[in-house]
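Below you'll find the structures, each written out as structure tokens.
Two complexes, one shared chain (chain A), two partners (chain B, chain C).
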Partner chain A sequence: MHRLYIVPTMIINVVIVLVPALLTAALAFCNWDGISAPTFAGLDNFRALAADRVFWSALGNNMVWTLVFLTVPILMGLAAASMLLIVRRGSNFFQIVYFLPVVIATAITARVWQGMIYSPVTGIFGILKKYGMPIPNPLTQPPLALFGVATVDLWHWWGFLCVIFFAALRQVPQEQIEAARLEGATYFQMMRYVLLPGIRPTITLMMIMTVIWSFLAFDFVYIMTQGGPAFSSELLSTLAYRKAFYDLNVGQAAAAALVISLFGLVGTFFYVRIQTREGEQ
Partner chain B sequence: MQRRTILKAGLGLASLPLLPRFAFAADQKPVTFWYESASPENQDNLKNLLVDAFNAAHPEELLSIDFRGSDLDKQLRVAMLSSTGPDVVFTAGPSYVAAMAQAGQLLPLDDYAKKYGWNERLLPLFLDLGRYEGKLYALAKTYETLGLFYNKTLFAKNNWKAPTTIAELEALADEMKGKGMVPFGAGNADWRPANEWHVSIAINSVAGPENVHKALTGAIQWTDPAFVAAIDKLAEWWDKSYFGENYFSLTLEQSFAQIATGQAGMAPTGTWSFTNVKPYFPDNNAEPGFVGFPSVSGDPIFPLGIGSTLSVNAKSENPDGAAAVLDYMFQDDFYSKMNSVWQGEWNLPLADLSKVKLSDNVLPLYTEAMKELSASVGAGKYGYTTWTFLPPATDTYLVSGMEEVWLKKTSSADFLKKLDETFKQEKDAGKVPAIPPRA
Partner chain C sequence: MSLVESRLTLTVSYVLLGLFAFIALFPIALLVLNSLKPAAEIVQNPLGLPGPIRWQNFVNAWNHAKFSKTFVNSLVVSGTTIVLVCSTSSLTAYVLARKKIKSWKIFTFYLLATTTAPIQLYIFPLYFGFAKLGLINNIFGVALIYTALYSPFAVMLLRTYFIAVPKELEEAAIVDGATSWQVFWRVMLPIVSPGILTVALIIGLNSWNEFLIATTFLQKQENVTAVIAFYLLSGQYSSDWGEIMAAALIIVVPVVLLFVFMQKRFIEGMAGGSVKG
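For the complex of A and B:
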């Protein structure tokens, strides 16, 4: 009887998630322009993607993106959260300050950075140039474009991790922290032996989610560079979008989406396994 | 009691969008039209000059317009696929018309063309471009061209004259560079497809429209030496910094403003940029100039572009009303009024512009440019813009591929090889729009 409780969520899941997901999987094996009727194409879309060097560079960019987001914002979030824990005074204020970029709409954040910071005409970079400190707009340099966009996403994202980590750190038993202090533990010793082990499940979960989210990253790249210049900041998601809505090649877009899902699936597998283990414990 | 009141109020609010349909259902037939994004001022222009004026002239119809933003194209495709969508269908260009007509989503307009006399009223070329397998499915809403804007005041001060040949253009650009100016005011920060304006200019002005026509019809390949020379020339201009240091950082408006301020000498852009003349040139005490883009031969070339097309939905419940809206637009009176307040977006392809009277506020330069374009199209002397005549995937590859050439990630020959491969695939799939024969 209790299994009936999951029926409403299952219905929503089937209609909103399962049906479109199955359709996407089916379309990956079809030729479809999004307008006329699809025709079966076998593995042609996957072959075409494998032969497309932009697909491989987009996949590589996704890997780089994932590595950046697995390290920089997590380290920043942990450092800031531990500081908030140690220096309690003003912690609420700083939490709000750190969290603020998370609630600003993506489009606004992206345009502000593009126009008011990076732009050599209207931005801070332009002012620095006038004072003899020329810094190139990273969005216009192929080797830097991806990192230029990632910086903006990091600025917008790390505060979220900080708040999550801070909430987790507050659950670490106070006695352990006090004991470590009495023993004369330094900041790094406190982090290494008390705080990090105490919030390890939260960090693991955030890292798994980061892998999944990194392969879904789309908005900042699409708004700021649209994958350019010269495909240098193209991600799998922007590639899929371009294939579907500009090339009118929905089949190849669906194939690219399946590749994205594959990475998400790996992340989900580990997430479920860890959750199950914790449940058993 | 209070809960009931809230429920009633909620129901009432929820039914508000349906009210116009109920209120006029008895005697008026609704006609829906989805439009892309438009500034508040231009939304008012459409409401006053199209919606209100059409409804007053056709009391039996009730036209309504819905502004769907820059995602109109995607929304429309989903709606049409599910057999809904507006009665008047706005597409992004002829390459979309072919696919939609092939899928049976658009109504053939041949009977309406006969009834309303569109065959005589519109330039024949644009009727050809709206045909698919011999039937008329779309009318071009606006046509445009690429050319060279320049600052007349700046030119007069420096005793420069508008270039007519590529050699003159290059000599002038070098002189501008020597004076610390950017030769081409150009940028793509907010519209990456701006790259294809420059590709369209190069292939038409260097390789020539005849060669472009041959490539579009499959008579020669895109890897032909004529196109390699054209792309090499565009890469050379990039290497010589004609486009300046900030091409990828400047928005279209910022780059256009540079020619008004004198930071840049010329702007290779299209007739849509006339919208930006008023906000920048008078404030800088400068007068704008516009000429057809210089060419190897010295004859100005006007690459022809169709910004968007209009059709009738095959599933429309009121196709006669939708066709009446189209007919209302393609009139001298509507052309005159709309172009008087909004230049560049409503350049309807009327065959005879002699009865068109634009407001005194309209730049004479705009009127002249449009008359010159209309005459060159009428005489069959026009070039081809890539966004109008290339199929979708070829066109999107071109936008990023040209950046790869500029940034030395690929060569002109390899870029054209990939372009040619993509074009052939799409040509085989029947995705190349109708290419009218050359006069």
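For the complex of A and C:
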């Protein structure tokens, strides 16, 4: 009887996710333009990707992206969350403000940064130029484009981590904090010996999620640079999308998707292990 | 003996928190400010206050982004997704939380894994399959994809609410002769209804804001969601940044109001779903 309860969820999930995912795995070994019948191609798609410079630079960009998101927003989130714990008064207000960028649609955030900040015509960078501080629009500079996009994603993202870390910090036993205070611990000692150890499981989980999520990043790159200029900000996700829908090379797109999933899978393994271990208690 | 932080620590903390708040609010302030100005004034100085407020931006944005149609599309997509996710996920979450079936571990494991799967892993065959079935440009098709996409998260979050319900309540109902459906519908569901509201809010927000699926599966201008209408307006149909920011503000205001009004639930749900499991 109870078996029936999970049927609707599973049917929808299998039809929309599992079956297409298995088809993707099969298509990675085929030539397919999305219209005619697919033909078996063996490892050709993977060979073509391995010979493609853009694929390797996209993979490199993904690595850089992961490293940036493993450090900057986590440090910002931890710093802000620990200070929220210190000041207490007004912490709810700050929390709401930090979370606002998270609830704004990515398409809107991307355009605001493009037009109102980076643009040399309509944005803040234009004013800076007028006052003798010419900063080039990072989105048009190959060495900077990826970081220009990452900055926007960081702005949109770090508040989420702050709120989660703050929630975890409030669970740290008050006696430990007060004992450390009585002994005259400085802010950094408090962080090092009390707060960080107290929320280590949360930090670990967020780092695992960051690795998984960083391979899913798509919206900001697709909207702001389309992977350009000259593929300098291409990620594997935008590369796969372009191959499938612009080049109609679905086989190679599927192969790239498998590569993305492979990286995600490592993170997923640890994520599922942590989550199910907790659930069993 | 004082447990209060020193004045210096407090001051430094407030300064830094204020700086972070400035970083978070500055682009949003630019959005609001420039939605009230004509394009020429924005080119002159995006930081300047508007001369006379240009309400015409909002009229233009509303008409050019076809918001009278695309807003309804967004509401229908979000509403359908909310109903589908809440109804199917509460059933599944109940079974998995109470370990009602032997294979609960496998299903939990599977759903957790799908929350981390990249969309690119399934979007290509899905798109060409939908195209064959004539489901491109169908907003209910998009709602169905969102349901598959978001229900694992909903199941995991609702599971924690079901686990928190004392077992005695369920046992008492069974002793009283309730069927298993009555136990779920009459006893469990009312208790976890706050959790269902949280899920509804977060799923609604996610489907309202979603970009990748919507831009891929909705291509006709009158079938797109409000966010995609904004994306098309800003990318193709307009270079008037006053109008573009006005369109952005129209989409953002209801979301932000809802968020500020219900922030406890939003934050609890977002944090709970990804932290606790």
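Note that in this section the second predicted complex is superposed on the first by the 259 of 281 C-alpha atoms of A that agree within 3 Å, B and C clash if a C-alpha of one lies under 4 Å from a C-alpha of the other, contacts with A are read in each partner's own complex, and residues count from 1 in each chain.
What we mean here is this: contacts are C-beta pairs under 8 Å (C-beta built on N, C-alpha and C of every residue); 3 or more make two chains touch, one makes a residue touch a chain.
For clarity, every value in this text was computed on a predicted model and none was experimentally measured.
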item: Superposed partners chain B and chain C on chain A - clash or fit; value: clash
item: Partner chain in contact with A:L75 - chain B first, chain C second, else both or neither; value: neither
item: Chain B versus chain C as contact partner of A:G34, first or second or both or neither; value: both
item: Partner chain in contact with A:F245 - chain B first, chain C second, else both or neither; value: both
item: Residue contacts with chain A in the superposition, chain B compared against chain C; value: C
item: Which superposed partner A:G228 touches (first chain B, second chain C, both, neither); value: first
item: Touched partner set for A:L262, first chain B, second chain C, both or neither; value: neither
item: Contacts of A:P120 with chain B and chain C, given as first, second, both or neither; value: first
item: First, second, both or neither for A:L128, with chain B first and chain C second; value: neither
item: Partner chain(s) touched by A:N137 [first = chain B, second = chain C, both, neither]; value: first
item: Clash-bearing segment of chain B, relative to chain C, as chosen among 2-10, 20-28 or 74-82; value: 74-82
item: Footprint overlap on chain A, where chain B in one structure and chain C in the other make contact; value: 34, 121-122, 245
item: For the chain C and chain A complex, residues of the former touching the latter; value: 1, 3, 5, 9-10, 13-14, 16-17, 20-21, 23-25, 27-28, 30-31, 34, 39, 42-43, 45-47, 84, 87-89, 91-92, 94-96, 100-101, 105, 107-109, 111-114, 116-129, 144-145, 147-149, 151-152, 155-156, 159, 180, 184, 205, 208-209, 211-212, 216, 227-228, 230-231, 234, 241, 244-245, 248, 251-252, 255-256, 259-260, 263, 266-267, 270-271, 274-277
item: Interfacial residue positions of chain B with respect to chain A in the complex; value: 73-74, 77, 80-81, 96, 99-100, 102-103, 105, 189, 192, 245-250, 254, 392-393, 396-397, 400, 403-404, 406-407, 409, 429, 431
item: Chain A residues within the chain C interface of the complex; value: 1-3, 5-6, 8-10, 12-13, 15-21, 23-24, 27, 34, 76, 79-80, 83-84, 86-87, 90, 94-109, 111-113, 115-117, 121-124, 126-127, 155, 159-160, 163-164, 167-168, 178, 181-182, 187, 202, 205, 209, 212, 215-216, 218-219, 222-223, 236-237, 240-241, 244-245, 250, 253-254, 256-258, 260-261, 264, 267-268, 271-272, 274-276, 278-279
item: In the complex, chain A residues that touch chain B; value: 31, 33-37, 54, 114, 118-122, 137, 139-140, 142, 226-231, 242, 245-249
